[in-house]
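Consider the two complexes below, in which subunit A is the common component and subunit B and subunit C are the respective partners.
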Partner chain A sequence: MDTAPGADLAARLTQTAAAARVPASMTALDPMRPRPFRIERWQRDLSDTFTIDLAPLEGSPLTFRPGQFNMLYIHGAGEVPISISGDPERPERLIHTTRAVGQVTNAMKALRVGDVIGVRGPFGTPWPVEAADGHDVVIVAGGIGLAPLRPLIHAVLARRGRLGNVVLLYGARTPEDILYRKQVSAWRGRFDMTVHVTVDRATGRWSGPVGMVTKLIARGGFDARDTAAYVCGPEIMMRHVAQALLDRGVAAERLFLSMERNMKCAIGFCGHCQWGPDFVCKDGPVFRYDRVATRLAQSEV
Partner chain B sequence: MVSLQDMDDLLNAHPFFAGLGPKHLDELAGCARNERFDAGDYIFHEGGMADRFYILRHGQVAVEVKVPHKGSVVLETLHEDDTLGWSWLVPPHHWTFDARAVSLVRAISLDGVCLREKMETDHELGFHLMARFVPVMGERLRAARLQMLDLYAPPA
Partner chain C sequence: MTGEAHQHSGMTNGAAPGLVCLTDDGLAALFAVLREAGCEVIGPTVRDGAIVLAPLTSVDDLPRGWRDRQDAGHYRLAPGTGPARFAHAVPAQGWKRFVHPPEARLWTARRDSDGDLSIEGPEAPPAPRAFLGVRPCDLAALGVLDGVFADPGAAHHDPAYALRRRDALVIAVSCGKPAASCFCAAMGTGPAAGDTGADVALTELVEGDRAVYLARAGSPAGAALLEAVPHTPATDDHHTARRAQADAAAAAQVRALPEAASRILADATEHAHWADVAARCLACGSCTLSCPTCFCATVEDSTSLDGATATRTRRWSSCFTEVFSYIHGGAVREERGARYRQWITHKLSSWHAQFGTSGCVGCGRCITWCPVGIDITAEVAALAADRPIRNRRAPARLRPQHTGPRRRKDDPPA
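What follows is the complex of A and B.
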């Protein structure tokens, strides 16, 4: 049979990629090659945080699962790992919420509708939504940690009928730092979910709770022994939240965290994001608590 | 007015007093009364005589401190099932902060003078109360330390 010279190599690379669990949405040849996406919408969320909606210049939309991330390449600035924060059932709009903290994210903040950026992904392990089936769900977010949890909240609400109580606990720095404020209000207005928001510092006319997000856990609204919990925020916050959930009776194997490390290649080759025996980019960012508990308590891992 | 038996039942049902025997619950009920505060009412003021503590049954209380040029700053809020106040336990029995009802608050208050007298003669009661207050203090201290870290601040 007559085949093109590269076909055999491509087929072998595909097999290798499959073995390495490179996402099926990408061909084996291009996990390192960004696809061009156009900014369709640019919105400022907080003083240093913004959300962009992307659409591919060509080809099919990028499908993803909640909790996964993309590598976003800004021409002339570099590449950064950013979690996807849109609805997984509406992949035609690829949504990323970013905090401008470094050179690349600041360059990204300066972009506007119509600008083109490169996208590689999606990468990483997803939030296991199905682990919640038949249980109550507790989602605990700290600060900008709400962004990687938003696709999960969409997915949870999409399978609402299979779940018990659904509780979202969110801790922000101040009332002005509440991310996705309109959407959080809308969730709060639903009859089928409980939403509590607390702030570390009350400002203005805030009349809601003030204090650590861990305190919201004590307010209950879920049956701890029959609960799946998903946590994202600064590492210290996640440690304390995880402990508070465990103390209450949540099972360690139904408790999930999303870790943040310095992801560069996103496919487990470069080693920048190594965390103990794992690479956060491909073995994470979502980890089951009981598998990382000992590492979580150690520094410099 | 709530009868002593009703108060006994109220205290018995509260997680803070879980595990106390009938004798001690009776002693507590003898020092307890129902309280109600409307939104905006101050429950106590910094420096005031700390002669009681509160078990919140409903509503939200802000623990505040007055800061020059900034007005009242809310340090934390307390809610249903939380306890409010421990300055009654140890001399000089003065409140350290203000406490203000953010919403309608229903609470049970326990008279500190009454309790301190009972704890003098019944050290076991004192032990049981201390064993319940220390974890609350520890939890508040932990929360305050984490709040102090300003975890969600932009990276420096």
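What follows is the complex of A and C.
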């Protein structure tokens, strides 16, 4: 031992069993560190819901697929998972629609154009838009659930020629709570798309349907046995909608849901979003119905 | 690129295949070599009436002679006079605190006068360290954590974890005296340290009034370390004694988990037994804190008074808290039974789907450190039975410790 120079020994002692399994690439990127983005546009949608457009301070725009989400960090408030609600073909405008329900989202609501927030992402599984090729498409949204579905609607309309009928069914609490009102009207005006909107409670001059969004499924306009269905809304709404679609004949393998769970990291490290064997952050948020049907029916899983 | 390929190439490159013998002085020399090389040595030592893992200044800090008694909701330490420095079972804590710290700064964000954000961090990794006295179950636990934070095949890695792992030389010590809470033999993680994973695997033998250490290198670092200390080739008697110790330590274990635990849990989502557990569980989180593989964490932001600087800190979290599953509208798991179900189902069943292995290594800490003595092995046995267990006295949560389910060698298997 007195022949081995100390420096050489110290170098050899770094050749641990673990070091052989830690390539430099593993330590180069820190997935927990946000990138600064500037708010380019801030728009109020509803009394408690707003949309922000973001652009990176440096570097390339953040490209994403429909249904994916970002972790948005508000300085001094915290970080929350928010789905991306813009057009995936236009990634230079990174758009998030948020409902102010907690500390962070309320702090976000108080921001203005020019403010800088942190962004990590995109995370999660996308809506499998290609699963609809050659089939009819039914998109069912409940409340703020329209926001994560809007990129899918963009993508569906971008590949409209490969699809059969396209139907959007949307349920809001009241007529005043209809999100993206102008855009919904524009979609309704298209000849290649059917749009039905219902409200839980009619107010003002509303003359449209009243009741659960599940009721709209009975209006048809699609061949259930040849349909891909995409559903997003409160969990109980998705359970009922999924059942109504299945009852009508939609195949469980062509039915997709987007789940919400508590998330602190979005990359499977924090453990909060576990739902059965899945991490909602990386195995979801979009799930194929037949793979989660059992646990969807179980409480507190 | 697979982890296995890296691992095996590392094993064969310069690793000494032979078993050598170090005297007690040889162990001290090994310690000195590590210190001279700039390594902080962390290992078991006695503190606050328990054997804990902490930085050591010499081999004299090791718990020489100390014996522990562990059972459901029970931990007692007794001094002894023997020469053995590793006569205890698992220390109170696992090693996760040294690779996945209970609290770690992730980054600091500063807002300048223009409102722009600059983000720095994370904190620098620690200097090289040596983990001395890693039990085989805890060695397996480090492998399990690698699967969570540093799987080469995964999309994301925790760079701070990977650096802490890379820069820690692991010296495993086979377990000769398992506690009543231990079930590593059933989990296939111990009691003997295997030939992979550790840089050096030690077996402590007592020969008369002195201890000797049989050592085998498992990496180039381990080979270099053993070359640097006085040693002799192990004798045939040493090989025999080493095998005998492993056999005896395996035979002494009174608890076990069935191989079918994963399926039992997967099939038990709806089971009357969850209410039974809920009546006993305090939802205190001791099991998740003491578990060497429980990795869940939350993040907290603290902001300076002027609002300019915000620091993001990651802290260990527990699925037993209500806030853990909170989303707008309430917690997903409001019931205590649902939270215990989540913990044990994740540990023994979901983990296989997520990481290709069980999340349990059989260290038994969750049994020892549960204040009401809830026993993961007994709960699995109860869940495997079709009929719910209804014969426990209520209110269970008010019962003193030691009256929980306990099994002795002479009890029939549950």
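Worth pointing out:
The rule we apply is simple: the second predicted complex is superposed on the first by the 273 of 301 C-alpha atoms of A that agree within 3 Å, B and C clash if a C-alpha of one lies under 4 Å from a C-alpha of the other, contacts with A are read in each partner's own complex, and residues count from 1 in each chain.
We adopt the following convention: contacts are C-beta pairs under 8 Å (C-beta built on N, C-alpha and C of every residue); 3 or more make two chains touch, one makes a residue touch a chain.
The structure displayed is predicted, hence computed values, not measured ones.
When the shared chain is aligned, subunit B comes close enough to touch A:207, but subunit C does not. Of the two partner chains placed by the overlay, subunit B and subunit C both lie in contact with A:101.
With both structures placed on the common chain, the touch criterion links A:256 to neither subunit B nor subunit C.
In the superposition on chain A, A:219 makes contact with subunit B only, while subunit C stays out of contact range. Of the two partner chains placed around the shared chain by superposition, subunit B is the only one that A:172 touches, whereas subunit C remains out of contact. In the overlay built on the shared chain, the residue A:50 is in contact with neither subunit B nor subunit C. Judged by the touch definition given at the top, the superposed model places A:31 against subunit C, while subunit B stays out of reach.
By the touch criterion defined above, A:180 reaches neither subunit B nor subunit C. When the shared chain is aligned, subunit B comes close enough to touch A:233, but subunit C does not. Note: residues 101 of subunit A belong to the subunit B contact set and to the subunit C contact set alike, using the contact criterion stated above.
The touching residues of subunit C, when paired with subunit A in their complex, are 1, 3, 6-7, 9-11, 14, 29, 33-34, 36-39, 106-107, 109, 111, 115-119, 121-122, 128, 142, 146, 148-150, 152, 154-160, 162-163, 165-170, 196-199, 218-222, 224-225, 227-230, 269-270, 295-299, 301, 303, 307, 310, 312, 314, 317, 319, 324-328, 332-335, 338, 341-342, 346, 349-350, 353-354. Those residues of subunit B whose C-beta lies close enough to touch subunit A in the complex are 60, 62, 73-77, 79-81, 102-103, 142-143, 146-147, 149-155.
For subunit A in complex with subunit C, the touching residues are 1, 4, 6, 9-10, 12-23, 26-34, 36, 57, 73, 75-79, 101-102, 114-118, 260-262, 264-265, 267-272, 274, 276-277, 279, 282, 295, 298-301.
Partner subunit B is touched in their complex by these residues of subunit A: 48, 99, 101, 142-144, 171-173, 177, 198, 200-202, 206-212, 214-215, 218-219, 233-234, 236-237, 240.
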